[in-house]
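Please find the structures below.
Heads up, the next two complexes both have chain A, just with different partners, chain B and then chain C.
Here is the complex of A and B:
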């Protein structure tokens, strides 16, 4: 891993004010959910799980164009004009954004726990499970984003993910409204690949470690991460005036 | 002069070529394990310790569900497999109850822990399995001794949930069959109130009816019936009941429907609503039709 690239990646995010604003808006999401749960269901004990729901949103905002934009802006050729191995560049970018997302999501979780305690006088449930989900979702979703970004220019990776999300929603509606079988299952699988994660609480024995959810997570993360490293390694970059 | 060997920026450790293949092999292994090994027995209900359960019940206001069970008891295993490990029922139990498993060790160890012993005495345990549903502030309990089958036990749990939220239950509502309810409605000149749940019954019923005033309102002013949609027409005896179900065309659940005695248009409250909304719906109907305030 290369510390300089990691710092540069984080600085890139801080220099994009619009992205910071959108990320901040998403971080308010769990509090709105809590308020709704209190108003509608009069819940006395809230769940902290809402904090994990912001992770895919944060990854989409922070990680969009993680490699594609570097290529489009001409940053990548100048970085690679130094003796930095390309896999270290990709790996550092992936780790930097994932860590940033985990940090922001943990801040949200802490505020969420305090807020839930203030309005209900009870600590929310599932704090440890939410923390684990945050870590798994961050690394998982970021690796998918990384693969798409190494394939597509600019922030087109975000467009593809949003398009797939819309397609999945349409598939859900098709099964619900027109009773077309298998649509919901296919849409769920698309979501499971785009936002890979599993419930760590389900792993209670060696056999449960070999569940489809765990297998899918491991394979998606490894294929996406190594795939993007191989793709960037094969890229022909112009070191010209760009 | 010593020469340092420059590493190409395209240098790629072999691991990055091998890891994706290993990942896919692992996924294949997971599919194989799922396909060839028998499914692992998982407890879908989040059982609590008795002491922790009491604190949680006081805090959350939820009823406690005690499952008195023993290792050697066959029906207890059937109850666990068919009811507690059923996805929908376990979800309902986790959402609406504080579940406590009380495991008897008398046969295996010669004696039970004091906590188990005192709970068994407190609820006058007569056999295994026994399900007891209670609330910390309520003296009375709901008890099912023996295994009443999957459907019977699910029904018991659902009914106990409504009971537990009507406190000591002085105004318990009697739920009639639709055929009986229609006859009673005609005789008593009270409107018919139909509650329609979905097949899975996963909607938290206590949110829907758990209010003393609401239960009293139902008992005093309506003839009540409940069933699951879609309804099997064969289970209905009279043509009148069959016609009513056909004409109501219930497509969404939960649904609360008031069928007036004079044959006028039914009043619907469809979709998830809380007890306050439901009370409001009934009171508005009574004000609208009788011009008087609801009798409580």
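Here is the complex of A and C:
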């Protein structure tokens, strides 16, 4: 891990005002959910799980173009001409954005807990599980984003993910409306790969670590990380005009 | 030249390319075609050639950004992707794509951190380099996005000099600089040469290259077509146009002119009164020739160089330019 690249990646996000604004809007999401739950269901005890739902959105906003943007902006040659191994650059970028997303999601979770306590006088449920989900989702989704960004220029990775999300929704609708079998299952699998995670509540013993969900999460994350490193290692750059 | 030869016997070349080949698009485009050259430690080496000749591809290979298809490329005995090379290599790109949201000083610290220079050492070093390239102090804390081309060039050279590089790769270093800046850069490079830094310059500004380079390679079609030793005054590659007033018509005979020109080692390449073209090596020879013509009672009314030595060299090896 390279501390300089990590700090640069985090500062890079803070220099992009539009992204900060969108991330801030997404961070309000759990509170809006709580207000709706209170209005519609008059619930006395709220769930903290909503805070984990902002993670994929934050990853999409903060992590878009994590490598592709550096390539398009032409700053990658100057970074890689310095004594830094390419795998360290990739890994540092992934870890930096994942950590930033976790940090922002934890802030959201804390505010969420305080807010829920203020309006219901009860602490929300599933705080620990939500915290674990935030960590799993951040590292998982970011690894998928990293792979796509290593392949595509600029922020095209975001476009591909949004396209796949739209395709998945269409598949859900197709099964619901036209009763085409298998569509929902396929869409769920696409979502499971795009936003890899598993329910930390299911890990009750050492044996449960060998479940399909955990296996899928670990394999998606590993394949994406290794794939990104291989792609960046093989990437040919030229600092001149093409 | 003797120094170069003797140094060559004792130490390896700073940069050694042997049959370096680089293909793009699955071999459909050959950017470098068995390029071979050797650059000595402490040498200022210029690379010239038409657009698309393979100059930038060669520089990118030196930086380890492009991987050669065939052949070998060594920098101080290591392959370009070795971390030992990256730690001792500075480069100034043609496209000055810096991290625009950083201030000038932040950018310098960023590169110093990548080079693992301790903060205590980096701080005075960065200030020294920013003063050296004469970047206005007010600009140090300004975002790079607001920099002019000349300022970018200055901060680019400053960051290239971080960490005392032993090899410096510069692509169009004086582009966008005012004449004062060009002279400053030239002086900096001459000082670096004295401290043993090997400098490779890719430039179209032949006049500038002529002033600082020891040798120049002309690249075309991904190959070194010719090598010119700028510091060796052996070739008559400069041209001087001489003119006389009409009253010298009778005195200025072809025979007298030729003998005078020959006496200083120059070469008469054309004569039709009132104008003659003479091939020379350098300014010193021009001065001597004008003096000799004075002594021969055929003083010139006008003497003007048509083009620099490198320009002549360029024209000589690439006649297509003149067509």
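Quick note on the criterion: the second predicted complex is superposed on the first by the 239 of 242 C-alpha atoms of A that agree within 3 Å, B and C clash if a C-alpha of one lies under 4 Å from a C-alpha of the other, contacts with A are read in each partner's own complex, and residues count from 1 in each chain.
One rule holds in what follows: a residue touches a chain if its C-beta (ideal position, glycine included) is under 8 Å from a C-beta of that chain, and two chains touch if they have at least 3 such contacts.
Nothing here was measured: the structure is a model prediction, and the numbers come from that model.
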- Message: A:75 in the overlay: touching chain B, chain C, both, or neither? Say first, second, both or neither.
- Response: second
- Quick one: classify A:236 as touching chain B (first), chain C (second), both or neither. second
- Task: Check whether A:15 is in contact with chain B, with chain C, with both or with neither, and answer first, second, both or neither.
- Result: second
- Message: Output check: A:4 vs chain B and chain C. Expected answer is one of first, second, both, neither. What do you get?
- Response: second
- Pick one for A:184: touches chain B only (first), chain C only (second), both, or neither. neither
- When the two structures are overlaid on chain A, which partner does A:212 contact: first (chain B), second (chain C), both, or neither? first
- Name the contact category of A:99: first (chain B only), second (chain C only), both, or neither. neither
- Message: From the superposed pair, tell me which chain A residues show up as contacts to chain B and also as contacts to chain C.
- Response: 80, 83-85
- Message: For a test of understanding, state which residues of chain A touch chain B in their complex under the given definition.
- Response: 40-42, 44-45, 80, 83-87, 122, 202, 204-205, 207-208, 210-212, 214-216, 218-223, 225-227, 229-230, 233
- So, in the complex, the side of chain B touching chain A is made of residues 6-13, 16-17, 19-20, 22-24, 26-31, 33-34, 37, 40, 42, 59-61, 207, 274
- Task: Write out the stretch or stretches of chain C touching chain A in their complex.
- Result: 56-57, 59-60, 63-67, 83, 86-87, 89, 91, 93-95, 97-102, 110-111, 113-116, 171
- Task: Spell out the part of chain A that touches chain C in their complex, as residue ranges.
- Result: 2-4, 8, 11-12, 15, 73-75, 77-85, 236-241
